[in-house]
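Everything below concerns the one structure shown next.
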Amino acid sequence: MAQVMFDPSLQQDVRLRLFERMVILRRFEKRVYDLFLEGFVKGTSHLSIGQEAIAAGFGEAMQASDWTFATYRGHAHTLSRGVEMAPVMAELMGRVGGLMGGKGGSMHLTSVDHGMMGSYAIVGAHLPIAVGAALSAKYRKSNQVAVCFFGDGTTNIGAFHEALNFAAVYDLPVVFVCENNLYMEYTSIHDVTAVEHPAADRAASYGLERIIVDGNDVSEMYRVAQERLQWARAGQGPSLIEAMTYRHNGHSRADPGKYRPDTEVAAWMQRDPIPAYRRRLELEGVAVALLDEIEERVAVAVDEATEVAKASPPPPADLAWRDVWSDGGWQWRS
Amino acid sequence: MAELSYREAVYRALAQEMERDERVVFLGEDVAKAGGVFKATSGLLDRFGPGRVIDTPISEQAILGALMGAAMTGLRPVAEIMYSDFFGVCWDIVANQMAKTRYMTNGQVTIPVVIRSGNGGGLRFGAQHSQSIENWAMAVPGLKVALPSTPHDLIGLFAAAVRDDDPVIFLESKSLYATKDEVADGEIVESLGRARLVRSGTDVTIVTIGAMVHRSREAADRLAQEFGIDCAVIDLRTLVPLDIGTVLASVGETSRLFTVEENPQLCGWGAEVVSIVSDEGFYTLDGPPVRITTPHIPLPAAAELEDQVIPSVDRIVEVIMKRVG
Amino acid sequence: MAELSYREAVYRALAQEMERDERVVFLGEDVAKAGGVFKATSGLLDRFGPGRVIDTPISEQAILGALMGAAMTGLRPVAEIMYSDFFGVCWDIVANQMAKTRYMTNGQVTIPVVIRSGNGGGLRFGAQHSQSIENWAMAVPGLKVALPSTPHDLIGLFAAAVRDDDPVIFLESKSLYATKDEVADGEIVESLGRARLVRSGTDVTIVTIGAMVHRSREAADRLAQEFGIDCAVIDLRTLVPLDIGTVLASVGETSRLFTVEENPQLCGWGAEVVSIVSDEGFYTLDGPPVRITTPHIPLPAAAELEDQVIPSVDRIVEVIMKRVG
Amino acid sequence: MAQVMFDPSLQQDVRLRLFERMVILRRFEKRVYDLFLEGFVKGTSHLSIGQEAIAAGFGEAMQASDWTFATYRGHAHTLSRGVEMAPVMAELMGRVGGLMGGKGGSMHLTSVDHGMMGSYAIVGAHLPIAVGAALSAKYRKSNQVAVCFFGDGTTNIGAFHEALNFAAVYDLPVVFVCENNLYMEYTSIHDVTAVEHPAADRAASYGLERIIVDGNDVSEMYRVAQERLQWARAGQGPSLIEAMTYRHNGHSRADPGKYRPDTEVAAWMQRDPIPAYRRRLELEGVAVALLDEIEERVAVAVDEATEVAKASPPPPADLAWRDVWSDGGWQWRS
């Protein structure tokens, strides 16, 4: 397949946006981490720090009508679809101004208006759900594509297998993106997987191409995203991408990530996608001031979002009883 | 008016809704080309084409996941899970995803799906193909649950389920597929959450659903004729929404409550009904509320054993006689 | 005697049984090297080695299938399902295979497995990581179900579960992991099917289990002190076997029954208890049996909302006051 | 891997036993079919007529202490482990003399004494269970092997994927045997599967060899069985075999199998494993009389078993309440 070619002027645009997206994700999540420590974020929370290039590349490549399906590790994917920071932050804090009024929490970020069709907290569940969206796109000839993000550990659960085969059988427009960060929660994926590349080495089981990409290279992610979205829109069926990456933090709030060798962590910190991309842009002649301006703009936005979120009150009690059913209520008796 | 079997009603129900609304698609194992293992969906493929009537792999998680995803994005899909026992292999999608996603997203997502499934015993299929799983579904907030007992109700409740914006678990009694009844011509639509008074009566209220409706009515007839005990029989038709008002009203008149349940005893819908009536109708009850259920055991395969354990007309008569008499 | 947390009791329970019987092996996700997500099993790997303490892939069906196959062939394995919500992805193995195979084979096969799992809410984890699924298990014939409420009971009931020849669903209240209590030194073994009278009382019987035991006791203390209502509190400890005798005896004295349940209302164990007491203890009841449960909704994530819906000490006091007073 | 060599004298023995096994399975199931028509067999029943070479080859190659895990289509596998015909037939008829006293029925044949660890009626469920037996064999160093039979349709369910990976990760002694009879119930496996060979084309996903065998050639089945059992016993881990075969009858009792092209059926009837093997034995010089004698002996045994089964009464009512629990009872209250 040919490499997608950019118009050079567009390319500059796109590149700055890719950079900005990553900076948004990073700074937002760094703030979330601080808010944990300060006790503002309750429950659990799973950060994507280090993995931003994947969400940024796809977010840039997807059309507004495309759909994202993500996991509990979904902050980055939500923001990358253009959802505002404040409601996401408020949701993590359990405030009424949250994206779901505080009812869903960190693991279930959803914004249907932005094509963010949900974050799912049971490993594997959203793969078949994304397949269903693709089925609907095909049936309605709507030209939409469903993009489904999940981790390496997810490749060993049954729903992965069922979803991949199902999508392939009906040639559905869905792009499966495995973010291989080398670990499930605390266990190395190699310890519990029969193949080296948990997703790519299984693509052939579904008649699919073996695709491995550098998940820390945002321009590569963007290129692959464009290519596979186009492939889906052309009616060629599903794709399975394995993006190699690494999370800088532990699995979730409670986890310091001590099970990982220091040398491994250090090596991957060297490959942090954001400084790497910034260096590259600078080398390619993008003005330092332009990049600095982006960083500053985002920093301000994060501060503002934090204030807005903090100012939002807790949800009123009656919200707990709302929207069990489509009539807005919870009554099971008639 | 035409005589229709419960099996034929499945076809008519699907055809009625698919004719009306092209967002309705139908997926399942062997449902299209072969017309389903119970031969209830033969002809649908020819009528609606392979884009709307879809044979799937043996992948219940994928089937129901696909159902949910399609429903979230504009379709009103229906799936068949061949035997309700197989909900075991896709329970996460039903109980954790379909049931909770509207709530978790604060109402952003609507999931208008119907899952049809053959439910219950009586066909000597053994413990893994005979379960009554209505209580699995009823125990999960966010699921509606329907169990039609007649061809008419099958069509009418199915139509209501398809038109409802929430996930509906639609359980067809396998043992009723061959039964027949008169069904009116034209469109049939019922409402979810309305019980049907199958037989009025002043001495005892029998609350039941699904295949047990017929046995309860027969038992009531015998109790009236042979022992002069006049039983009201209420077919709940749906467990969620639960028309407890009709039950409370009847118990208000009879002062006695019996449930007849095909499911194993513990945590059945009968326990829920008894508990509500014992609370809200405490002062109307003249004697203990009694549940007549399959005992809390897996179902045996041999005919003689299966017949022992699923509530029979004889057992219903005997228990009510003993407890009321 | 030593003060032990509920979390530490998990380690002690597993170590006690693994020390005693080398047929006991332990499988689960992240349980070995990392010591589990709740850090309850740290140290087991070092003590018993990688052959007996096994990190698995995220494959709950494989984990529990392996558990069952190993149990059928001579081991007495224990698995961890990290959160009980995840029973959804492996429910077939639990409900259709483990629960029914002894029966279907006419007793040829014995399946001595224990499945430990973090159950219930209170940690603001949202609807897919906070469920109380004890009723899913109770509704399936062939499963035993235990919910320890104290470190002592965790060890004693776990030992009983491991030594029992039937499958046991062992539900640890996540919200209790940090709680502490005095625990005797040496081996601790309790029995399945024996309720514990947490507090005796003459006016009202409160039946409860798991995390709700503590809230019920606190409510009972307040009801006694502030309103002079003397409540017996019964911790069922296991739902199957169900020590209904202890409940009936207490209601025989108090004439009033309340259940306090963390699970959503419909088809809960409370409905079962109320139904049995309403039937067998009908003439002992002086007023309606009342269930205090989480309403029939998925659990919300925000602290203020979650606290609204799970039964609190305040709500228990208020309901009992209102209904007895 | 080298072909297993037989001692020629043993070989004659083995060959006659392979033939006899197949004849037993065939004649038994033909009788079962008649008993349906006569109303003796209630419920459902799934015949393996046409697929006998697989059960026969493995039955011959397995050691007494090895374990079989089968599906609802389990009559052949049960008999091939040496279980007597009469109790199997009685079970299908729902009689107290049945292998499980009539409580299990056709779909759950089990005889622990023969290493027949059960027939499972939920597609895919027994794969992880077989894996557990293998785990126990490895833990106890017992040198036992678990053999797990299933159909082509089973390869698309999640449990297949989980079991295969799990077995491979821990190098467990289990042999997975996919009997590819080209159809799930009534649907062609090709219509719903992303690859040509539903099992073999997925072996690489679990780091396993791609093995396809002629499932209608009993000597080939025996050879492969020996080889893979030895492989497992040598600690080399799991195997996945795809055996190509065909069922002569419909999926189950109710099914006339009309969805299959006549020419396809005819071609496979030509390849019936039993006449084919008999021809081969004759060509290799085995006396016709010896083969006839086997056929007759089996015919008599089937008649006798039928009589024994018919003479067995229905189970007594109280059996329904027995053996829910290990104490022999059903009580859930204490």
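Should a chain be cited, it is by its letter among A, B, C and D, assigned in written order, with residues numbered from 1 in that chain.
Basically, a contact is a pair of C-beta atoms (placed from the backbone, for glycine too) under 8 Å apart; a residue touches a chain by one contact, two chains touch by 3 or more.
If you're wondering where the values come from, they're calculated on a predicted model, not measured in any experiment.
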(request) Using the touch rule from the top, work out which pair, A-C or C-D, shares more C-beta pairs. (result) C-D
(request) Would you identify the chain whose Cα-based centre sits farthest away from the centre of chain A? (result) D
(request) Find the geometric centre of each of chain A and chain C from their Cα atoms only, then give the gap between the two centres in Å, rounded to an integer. (result) 36
(request) Provide the C-alpha centroid distance between chain A and chain B, rounded to the nearest whole angstrom. (result) 40
(request) Return the distance between the CA-based centres of chain A and chain D, expressed in whole Å. (result) 46
(request) Two or more other chains in contact with one residue: find those residues in chain B. (result) 56-57, 59-61, 85-86, 88-89, 92-93, 96, 103-104, 126-128, 141-142, 240, 242, 266, 296-298, 300-301
(message) Among all residues of chain A, which ones touch two or more of the remaining chains?
(response) 101, 103-105, 108, 120, 122, 125, 156-159, 162, 165, 169, 191-193, 319, 324, 330, 332
(request) Mind listing the chain D positions that touch chain A in their complex? (result) 156-162, 164-165, 168-169, 191-195, 201-202, 204-208
(request) Report the residues of chain C in contact with chain A in the complex, numbered from low to high. (result) 29-30, 33-34, 37, 55-61, 85-86, 88-89, 123-129, 266, 295-298, 300-305, 308-309
(request) Can you check the complex and tell me which residues of chain B touch chain A? (result) 25, 51-52, 54, 56-57, 59-75, 77, 92-93, 96-97, 101-110, 112, 141-142, 164-166, 192-194, 240-245
(request) Would you tell me which residues of chain D are touching chain C in their complex? (result) 67, 69, 99-101, 103-105, 108, 110-112, 117-118, 120, 122, 125-137, 139-140, 144, 146, 158-159, 162-163, 165-166, 169-170, 319, 322-326, 328, 330-334
(message) Using the touch definition from the top, list the residues of chain A that touch chain C in their complex.
(response) 42-44, 94-95, 98, 101-108, 120-125, 153-154, 156-159, 184-187, 191-193, 254, 259, 314-315, 317, 319-321, 324, 330, 332
